[in-house]
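Presented below are the structures under discussion, each in the form of structure tokens.
Here come two complexes built around chain A, the first alongside chain B, the second alongside chain C.
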Partner chain A sequence: MVDVNMLDKVQKINPEQCLPVGVTSNTIISGSQPCPLFLEPDEFRCQFDFFYEEEGDGLFIHRVNSEDIIYSPRPRKAKLIGKYLMGECLGEGSYGKVKEVLDSETLCRRAVKILKQKRLKRIPNGEQNVQREIEILRRLRHPNVIQLVDVIHNEEKQKMYLVMEYCVGGLQEMLDTAPDKKFPEWQAHGYMCQLLDGLEYLHGQGTIHKDIKPSNLLLTTGGVLKISDFGVAERLDYFAKDDTCRTSQGSPAFQPPEIANGVESFSGYKVDVWSSGVTLFNITTGKFPFKGDNIYRLFENIGKGVFTVPRNVPSPLANLIQGMLQMDPNERFGVQEVKRHPWIKRKPPMVGREVPLPPLPDSSDELRSMTVIPYLDAMYNPMESDEDDERSEAGEEEQSEVNNYGNLSSFPVIDENEPLDVNQPNVQSSHLEVERPVFGLGDDLDRNRKSSRLRRLSPASCKQQ
Partner chain B sequence: MVFKNPCCCLKKSRIGYTGSSEELDSLPTSPKPPEEQNITVLPVDDPNFMTFSVMEVLDLNPNPNDYQFLGVICQVYDGSASIHVARHIPSGRYISIRKVDLDMLDREESGLSSLHRELSLMRLMQHDHILPYYCAFVAGRELWVVLPLMEQGSARDLLDKHFPDGLGETAIALILHDVLLALDYMHNMGYIHRSVKASHIFLSRSGGVYLSGFRTAITMIKDGQKLRAIHDFPADTVQNLHWLAPETLEQNLLGYDTKSDIYSLGIAACELANGCIPFSDMVPMKMLLEKINSTTPKLLDSVTLGESEGETTDSQTRRDSGLGESSYPSLGNEPNPYNRQFSLEFHDFIEVCLRHDPSERPSAAELLEHDFFKQVSTKTTQEVLCSMFQSVKPVSYTPCQSSSKDVDDSVKTLENLQLTDEWEFD
Partner chain C sequence: MRVILCGSRDQEPQAEQMSTLAQEFYHFNLFLQVVNNLRILDSEAVEDVLEIFKSLLKRAIGPRTPTLDYISNKTEVLFILLKGYENHEVALKSGLLLRECIRYEPLAKIILKPPQFYDFFTYLEMPTHEIVSDVFSTFKDLLTRHKALCSCFLEENYQQFFSRYKGLMDSSNGFIKKQSVKLLGELLLNRHNFVMMTRYINNPENLKLVMNLLRDKDDEVQFEAFHVFKIFVANPNKAQAIFDVLEKDKNKLLDLINQFHTHRTEDEQFNDEKNYLIAQIQEL
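The block that comes next holds the complex of A and B.
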């Protein structure tokens, strides 16, 4: 028999196309009978190919009650972590997924970084890094630094949730879709000023980020830049005499010569200035100052410190980039010097079209609306999309259960039990065990991987609004 | 500023002026039984009772000794602030003082800066229908804000104490007209109020209507330019969620603008007419879903209820018994929703205010031209409201345990002590 789970698969793969099965299914697909008449055989074959594969010997189509289709477990199921309602996946870090959530009390959009202890243990220094990240983030409060809102532990599931401010997207995402992979000067200037404000604050707090790059610079709906991902950041000791650091685990393409050359100790603040300089170079030219086929070549080139600024870069900007990418850390600009630089001081004219945030890869939503809405819908209106007349007992049960949700106190606090893992075992985790080295545009590869995953998630979001 | 007690910092403080208690919002609207005798009603009929006119531009002396406290009207913002009735001793007039316990301010939530922002905004806004303050100063560990005394409290107080089923249409039109004037002024100044609701509309005995509650207000002007939209979500004001416009709640790239205040005004209008707050029976998430799905609240009267439920025999009988009891125009409203009918203009007013698409909502200036306000003649607004207020009691307060009197008493008893007993030594 074709079981309900299989139909469930149909729904996941192509919800629209499988809809007619449910709707016209009083005499539905039944065992060893010819296929139903409402589909052309060829059409049917192409849609339900796997039916044939699974059954092997010839065509078996089984009778399934329409209720079974309608009330089969749906991907859209509301999950609450503490007071946060889970939405769709926003992206993946090396430690786990980042999902959008909704604070059920304040209705504020948030993002949650989900950390699995199992996965953390496999990454060198994983647990330690996370603890440090939390410690660092807890002390920081600045408009241009991502804010940690809440930390939730689940001992049973061996998971940890870092609830953060919600950001709609990042600079990298915008660059990827921009013509020439760069911003017009005035737009880059706006981001650079905010980055410098954030850096100034961080350094004032004795914190060195060590991994400044476009993909770690996120934007809120209001266009405010937030420095994020403090996974490899370092907090200087209270009694430290200066900003001397000894370790760095940042992205290779953004590392300064002193690290590429393996110097034992170096100035931490100047590391951030260098990577900000590479970032500035990247977002204004669409290129990288240093390249290499592999990490050794890359570090060799960085270590020499020789690069050229493209000719079309105006001289004040070129001068600033030169100052930030000085090979000798002592000659390199400090944050204050950068802030005083003529290019920063003078706002460039608004020439050139603004690069917008692209619509999310899995939906055509240009507004980046809440992704929790379908889940809310499922929670409060479970019948809405079904055939109203045929309410099965199961459906009524569901209804009464849902009525209880009216009172928040009786919410079952469900831990998220990623339904995807059932169908795509370990697809994503296998990708993530490897710490990915970043060679310049290496981020692209990763991004593609992300978007393909997001597409798989789409059934839940396709119903949005 | 000293933040002595770390525990206090964990509490979410709500800073800002609301003469009414926010907590009342969630309470059932049935009139409360009169409590113990330690509740005193403002002695408005006393010939010695005098207040400053709200419009008098006063710079009262920031001297704590100038003020004699008579009692507490209510606690606001989780007990971090309280509203007192006091007398300004040099002039003998009554005023109200908001005391904010600065130690209770939550440093993490930047309570102090929002308090500062609120006060500077109240100073900036000079309008006939915006509540001003006379002076503000630090006394001990408290901040005192000296305000005009609003004898009738807020519109929410009026609903809670006297009219659980809502105000009459004329009264609502008069009140909303003045609120719209204030909103139009604010919007022209580039500010969004973000918490227009009954508990932020204050009423003086003389019929004055004043908008307050500026803690959540936000400017649309940045770097000298007026922004097309703003995106800031007021995450620390859970008690305002019911009034927020769908576009404010959605928090997407579109953002929101001054039209979001018009939506809140529509909700507040329903609140005034129905007595209850729309969506107040829902948890926030359910309310969010309803608002995003364009569910719009309506006025509860025979028109809307007839549409949705049809006439029941119960309502028929009630209608008969209700006849002849209403006297129009009165401040209150016919208690039985089946038995009352708001004008078509009022229904239309609610409909245009609560349109889902902000661009389809009229601006405050356009709304002032709405047919609903034809019943308002601007010259007599204050007089009509003033006469309406004569029928209801002003706000009450809990008198201070007058410590001086207690001390006097105990001194007297000590003086009168007669040591008649002789010492006995064994």
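The block that comes next holds the complex of A and C.
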């Protein structure tokens, strides 16, 4: 029996080092012999009767019962970016990592999108898209739209940090682990209603998201849906008579026929309705209305606009999906029509088991509790052994960013017996209020921004259209 | 009566009792009795009433919403609540319940109609600050909550609405003045109200009004007015009349905007907009 998961973990071992890093002092391997800390690889092999297979690049596979292995937690080093204490990685996008952080002033749980300029330059329109995303996000404030809390530039490191509201996970992850890759009707209904509220607001602000899909719909700890990722969104010119758009860079499977067929200009709002329709289809059936082996085939099929709703879908829902996936944008429902649809208005009975959020990969924590805690701990009890630190951190890119222990005094003292109740992200940080949109709404008059050690939102990045 | 209300609160979760209670409510039109007797209810009892209203309004059987249907047919409940603003004893209590009702589109629709809606303008002139601010929050909810409904209302009743609204922006009550200018900005900037917006910003009278507000003695009114004024200026398709007004006072405007709120150095966006406006006006 080869434990496939091992492969992943074993790969992380640095082959150059003679130390089997996976087997540190805290690691217990089957058998009760005292475990020597550092062994030459050969010695290591004979002492433990492992099955192995060596490939050219030094990759090998152990045969070990997974329950016999306990990995030592990686030694942690507390790191502050601005006033944010970094936690574990939550996910990785094409632009860079997303990590959990803790606002050390307000103790709010946040997520930070780390963008590396170098990487951005390699992505077509990368830099532009990020700038636009910031522009758009700064002007939005709605319970169902992800909120941008802070932007930090670090010119020296050529990095940018977008601090956002914390979300525990997204619909896609949940779908991936659900039995039929779908939600029970009532659960999908709840998400759909929130998505519509968010969309209504966005459209009211002249913002078209253009990339609605389950992986861009996140959830807070309180189960509130947040529309996120405005990387390809578009803001209509305020005086534009209608919602005509010309470009779209959204995900292929969620694109409407007008885009698949390469029409030059199209209604932006209806694009969002279509992709919400595909999303609804997907989360209620576990399937996609249109398929294709490659993007050409896919677009060909979407372009024809012919699809079938599985027979077991109840008729009000099927009717709504048909309405949202009308090939002709003029006949397609608008957000208002969708909101008034009987399936939306009626609350389905709570039949079927709720699909929960799975634990993060590499973790067994079903509750996805705060990952910053060990770093907080490390902040107070810095490691005795520096050697340990160096070894484990060698591969960490983010290392030595800002190791600011000097800031400890400003940190509230936390009783270990009384863990922080940080699962309620409702506490609002007040320092970056939504800017009054140039041509949009802003509720807050209070726009005093605090200055920070690192430069926030450079004037150049705030230029209006 | 209070006993029934308070007692019912504990039993709320039980569907059967809930539905019996609701039936009783409909049968005896208890809504009407409650709103007629708000005066004798103390604030704690009003809290209870609010909770009961909330749960009854939320009630849905399949696609039907019996309470909403019921009240839509017996609209006097809403009108009594609205009239409640005239009586300072019950004004705040009525306001609380009324705002709960207008969260639902069918009920908001009943109030957001001439002539009853225009009562708000009368209530906004009342002397008591607490009541006026309560009236204003109901007023604002009505105009912003249900987007499609509001934009319809504003389009259909454009003339009369804005002739009354002008009065608010010229109110002797500083609070109302500031809030109404702010709300105007919000209404204009919401895309749902696009038709109304184009109409509004092409009327030179409106521009003059806003320009006067830019010189209001209240700092905050000026600032809110700025955010309305910018829409007039940024409009790429200005009507000739708007053009004329702006051009006539070009130099004065430039001076005004150059000097405008120079203390707001922190606000990058505001300053960007200011520079943008200056450039726009210079180009005229």
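Observations
Here, the second predicted complex is superposed on the first by the 308 of 465 C-alpha atoms of A that agree within 3 Å, B and C clash if a C-alpha of one lies under 4 Å from a C-alpha of the other, contacts with A are read in each partner's own complex, and residues count from 1 in each chain.
Definition applied: contacts are C-beta pairs under 8 Å (C-beta built on N, C-alpha and C of every residue); 3 or more make two chains touch, one makes a residue touch a chain.
Quantities reported herein were computed from a predicted structural model and do not represent experimental measurements.
In the superposed pair of complexes, A:345 makes contact with chain C only, with no contact to chain B.
With both structures placed on the common chain, the touch criterion links A:220 to chain B but leaves chain C unconnected. In the superposition on chain A, contact of A:188 is made with neither chain B nor chain C. Looking at the shared chain after the overlay, A:367 reaches chain B, while chain C stays out of its contact range. With both structures placed on the common chain, the touch criterion links A:245 to neither chain B nor chain C.
Looking at the shared chain after the overlay, A:106 reaches chain B, while chain C stays out of its contact range. Of the two partner chains placed by the overlay, only chain B lies in contact with A:357; chain C stays clear of it. On the chain A side of its complex with chain B, the touching residues are 85, 102-109, 166, 168, 220-223, 357, 366-370, 373, 376-377, 379-381, 405-408, 465.
Touching chain C in their complex are the following residues of chain A: 200, 203-206, 236, 238-239, 241, 336, 342, 345-347, 435-441, 445, 447-449, 457, 459, 462-464.
If you check the complex, the residues on chain C that touch chain A are 60, 62-63, 147-148, 185-186, 189-192, 194, 220, 223, 227, 230-231, 234-237, 266-270, 272-273, 276. Of all the residues in chain B, the ones that touch chain A in their complex are 230-233, 235-236, 238, 241, 249-255, 282-286, 288-289, 292.
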